[in-house]
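Some notes on the structure that comes next.
Think of it as A, B, C and D in the order they're written, each chain with its own count starting at 1.
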Amino acid sequence: MKDKIAEKLLLFIAFSAIGSLLLITFFIFQQGIPLIFKIGLSNFFSMHWSPTRGQFGILSMIIGSLMVTVGALIVGIPFGLACAIYLAEFSSKMVQKTLKPIIELLAGIPSVVYGFIGIVILVPFIRTHFGGPGFSVLASSIILGIMILPTIVSISYDSLVAVPNTYREGSYALGATKWQTVVKLLIPAARSGIVAGIILGMGRAIGETMAVIMVAGNALKIPHSILDSVRTLTSTIALELGYATGDHRAALFACGAFLFIIITILNIIAIRVTGHRE
Amino acid sequence: MTFRIGPRTSQIIAYIILLLMTIITIIVLFFIIGYVFKNGFAQLSLEFLTDRTREMGKEGGILPSIIGTLFVTVLAVIIATPLGVGSAVYLVEYTRGGLLRRIISFGADCLAGVPSIIFGLFGFIFFVIQLKLGWSILSGSLTLAVMIIPTIIRTSEEAIKAVPLSYREISYSLGGGKLDTIWKVVLPTSLPGILTGVILGIGRAIGETAAVIFTAGSSLGMPTSVFSSTRTLAVHFYILAREGISMEKAYGTATVLIIIILFVNFVAYRLMHRFMERYY
Amino acid sequence: MRYLAIVCMLLLTTCSQRKGGIIIAGSTSVQPFIERVAERFTEENPGIQVNVQGGGSTAGIQATFNNICHIGVSSRNLKGSEKALHEFLIAVDGIAIIVHKDNPIDDLTIEQIQGIFAGTHKDWSELGGESGEIIPVTREEGSGTRGAFEDMVMGDQIISDACLVQDSNGAVREIIATTPQGIGYISVGLVDEREKALAIDGVKPTLANLLSSQYGFTRPFLLLLLEEPSGKVKKFIEFALSKKGQDILKSDGLISVTEIGK
Amino acid sequence: MNRQKMMKISVEQLNLFYGQNQVLKNVSLEVYEKEILGVIGPANAGKSSLLRALNRLYEIDYARISGKIRLDGEDIFDIPINDLRRRVGLIFATPVVLPGTIFKNMSYGLKLHRKIKKQELNDIVADALKAANLWEEVKDRLYESASTLSGGQQQRLCIARTLAMNPEVIMMDEPCSGLDPISTAKIEATMLELKKTYTFILVTNNTKQAARTADRTAFFLAGELIEINKTEKIFTKPDDPRTDDYIRGRFG
């Protein structure tokens, strides 16, 4: 009897939790999609964003998000991977034991702190040494790149460590150096974990909002160089949500829905790659 | 002209490059915290921590924000934990790993990666406007709860799945019912994993800006009820820094924020270690 | 079970307190000023907590209609159906065009400003300044300040996509204060010593010029109500319009309503 | 002995399926009170499945069953499941101690069934540990983690944990498979002592163990009960040649 009630209660809990997640998904799409049909795809994927004048083109923001994300990966992948490889293969147990948890702790630092460092150090530095406003693709990429480092390091490290030791021993037995073993054997063997880490980092970079608003400058024009200001999908939502009504608000939801789809695709790829779910 | 680089040489070069990049990575990450702390510690005083915020944050302390953060986070966790853990229990113990469970796990996986601004967008229109909860601690907590539920479901599910089947068999063969088994064997055993998920969620909630600024609002008043609007530490810091209201106060606030988050994560880490040592 | 109990208790013990405070929401431009008024008001009426939200003029108007806040604030005039709300003018604000304090330029014509924000003027040397790329900073789409700027300054010109976009007066000011080639627009009352307010067509945005309407780039700060004011809300509005309230606003660089008639 | 012994458990035409896979085929047998029934047979003979059927533990594996099982003449499906499992205890091949102290392991099952006073609980725990020959070794460390015990001690803790429930039948699923000869001897001694009070079903891979301890022995092969008889008979002149082959080590 008690068991029956408990099962029903748990079922109810599961449904309300999952219901709330469904609600969010449904809500975002329900608010955003009608506008896309109303204005047409060609308007939605055009260059001009000026919702108060009826122009809802999000293409420049898509490009902006893309540039910033690619930039972040260019910064984050080499350093993240190098750090993971060094920690997993070249450092002593002691170093591993201290640095790994510290890097994981750093993953918890709020993104606004990264954005703040961007404002006070990086933006003035870029402005005085490279020119332009300083608020730029470059600044955003570096800040996001640093932000996703802990994610990439942590997951890549785990998957490198998970490669069985027999692989390494076999490779050394054939006379390979440590570095050759890493390049020829360990990285391919740990590939799926590394790729998953990168994709998760990528998702974080695309989705980041506040840090990007702080350092990107948010100009709508498509940047011609990495020193130009840039606007991403997320920053558009955050910048304009407070003022938006009617179609303008619906357009922000449409941005959200679009973002949602992109992130979901990335997640699906990440899940597929790792074969994480049975 | 071509050089042939032997395997030894390339090993040494690679080692040096890796070491350098690792050092740079570590330095950069430490620099960020160090820089904030260096400028922020001077701001920390009893007055800063216990005074009201005045002049939009130019003067006074950050007590309302500390309390607001506490309120929002605790309420979010109170809402999200039973829902998340309950769902995970249901998924693992009652669904026999069928299609339903796969779909739900997949959904939770996906939603765990959805950017927080989307939750902010949802929370603002749904809780604040449609449910007329206004900018309030309640709206903020509900939004954050929805945001951290997927994380809690996923980590709890993994932790519960990791409990050996034999523990359940023992419990059943000693005459325990399903509920007894879940409550007295499965949950206590998977507690460290569940706790990790919850604490990750707490960390995310404390540091969150985008989802909170549109739902809990940005009022500087002292929160008196769950219907009060509040400005969490992260939001306060964001506004101070971005609008250049007071860089000194911004550093101080960031320092407090980082200390709290590092502390929460550290406690989680210790707690897990203690637990593991005792039981495994 | 315990969870439910805690949640219920929180809700119950606090429900009643909702009546104790006043929630004000809307224009981020008005927020800093109304915050100061609210601070004084609470000092004099310790029982009444005042919560001041940002969000934006339009959000404030919406919130007032939806009864999410007691008082909405707008930094632009009401349009169309919005006029159903009760409005109280508490002050008038000038919009200043600001540049970095080291910028040698003191004066621009309205055409030059239009040119800068429309993207036709790209270098300070075109305007008689030191050579260097102009970095214009504007407010986000939908902002009351941007709306006012477009109406009063831009006319039929459209603000270029190349402008940086920030979502508050403070954020614009912060960029101008730290960027030597920047130019932007914010409330006159918020200009501080790190940046410089330009004269437009030779008229500086001084208090005297604002009062005499010589400097024409002004907009109203409105308090909005769904119903006739009563109780604590009435008390607050009366306070804002009293000499004490108006003095606070005046000392912050706004034009008090008592002076407008003159 | 000439009179019919009291029948404890009777199994009639028992079939057990895991999905499409039938692991028990038409098994009928009886278990008498206060005997040790040995169950032998090669891997996948259905020995463990028989035990899981008797206390309805197969249900958590989502297996299906047909046939009749009676405990003291009462259909086990009419007995509340928690009661059944308390009365018919099961001890697994690998000792599984629950996370927590020795005392917590011992009291876990007891606390599930009724409110119990601290003093009474202490007594029951002490008695059960004594009965399982473990008391002397653990009496000073009841509040230490159970996982600090050795394998043999853990297995005896599992037995004690079951004894504390005051069961009627104790089923053991290869209880000594992971243990050294000395621990095995201790457990066998315990079992022979407890036979005075309890009924045992002992599943074992070790035919010699069955020969040493069991009163009667059943031989299973591929889900079928080939033969059940007095232990001496099974081990000296079995009726079925397959039993003989198995005992002589020709297969399995």
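By our rule, contacts are C-beta pairs under 8 Å (C-beta built on N, C-alpha and C of every residue); 3 or more make two chains touch, one makes a residue touch a chain.
Bear in mind the structure is a predicted one, so any value in this text is a computation, not a measurement.
A.B. asks: Output the touching-based chain groups remaining when chain B is disregarded and all other chains stay put.
C.D. replies: Remove chain B in thought and the touching groups are A, C | D.
A.B. asks: Just to be sure I understand the contacts, which chains border both chain C and chain B?
C.D. replies: The common neighbours are A.
A.B. asks: From the Cα centroids, identify the chain that ends up most central relative to all protein Cα atoms.
C.D. replies: Smallest centre-to-centre distance to the global C-alpha mean: chain B.
A.B. asks: Where is the C-beta contact count highest, in terms of which two chains?
C.D. replies: Maximum number of inter-chain contact pairs occurs for A-B.
A.B. asks: Farthest from chain A by Cα centre, which chain is it? Let me know.
C.D. replies: D
A.B. asks: If you average the CA atoms of chain A and of chain C, how far apart do the two points sit, in angstrom?
C.D. replies: Roughly 34 Å separates the two chain centres.
A.B. asks: Can you compute the centre-to-centre distance for chain A and chain B, using the mean CA position of each chain? Integer Å is fine.
C.D. replies: Computed from C-alpha means, the inter-chain centre distance equals 17 Å.
A.B. asks: In angstrom, rounded to a whole number, how far apart do the mean CA points of chain B and chain D lie?
C.D. replies: 48
A.B. asks: Calculate how many whole Å lie between the centre of chain A and the centre of chain D, each centre taken as the average of the chain's C-alpha atoms.
C.D. replies: 55
A.B. asks: Note the residues in chain A that touch 2 or more other chains, in rising order.
C.D. replies: Expected reply: 213, 238, 242.
A.B. asks: Any chance you could list the residues of chain B touching two or more other chains?
C.D. replies: Those would be 82, 177, 242.
A.B. asks: Where in chain C do residues touch two or more of the other chains?
C.D. replies: Those would be 54-55, 62, 178.
A.B. asks: Counting only chain pairs that touch, give me the topology of the graph as line, ring, star, complete or other.
C.D. replies: If you draw each chain as a dot and join those that touch, the picture is no line, ring, star or complete graph.
A.B. asks: Per the touch rule above, enumerate the chain pairs that touch, sorted by label.
C.D. replies: All chain pairs meeting the touch criterion are A-B, A-C, B-C, B-D.
A.B. asks: So in the complex, which bits of chain B are touching chain D?
C.D. replies: 96, 164, 166-177, 180, 184-185, 188-189, 278-280
A.B. asks: Across the complex, what residues on chain A touch chain B?
C.D. replies: 2-3, 6-7, 9-11, 13-14, 16-18, 20-25, 27-28, 31, 78-80, 82-83, 85-87, 90, 99, 101, 103-106, 108-117, 119-121, 146, 149-150, 153, 176-180, 182, 200, 203, 206-210, 213-214, 234, 237-238, 241-242, 249, 252-253, 256, 259-260, 263-264, 266-268, 270-271, 276-278
A.B. asks: So in the complex, the part of chain D that touches chain B is made up of which residues?
C.D. replies: Against chain B, chain D makes touches at 55, 57, 60, 62, 81-86, 89-90, 92, 94, 96, 98-100, 108-109, 112-113, 145, 147, 158, 161-162, 165.
A.B. asks: For a test of understanding, state which residues of chain C touch chain B in their complex under the given definition.
C.D. replies: Within the complex, chain C touches chain B at residues 3, 6-7, 10-11, 13-15, 17-18, 20-21, 23, 25, 31-32, 35-36, 39, 42, 49-55, 62-63, 66-69, 168-171, 173-174, 177-178.
A.B. asks: Can you check the complex and tell me which residues of chain C touch chain A?
C.D. replies: So the residues of chain C touching chain A come out as 28, 54-59, 62, 133, 135, 140-144, 158, 160-167, 175, 178-179, 181-182.
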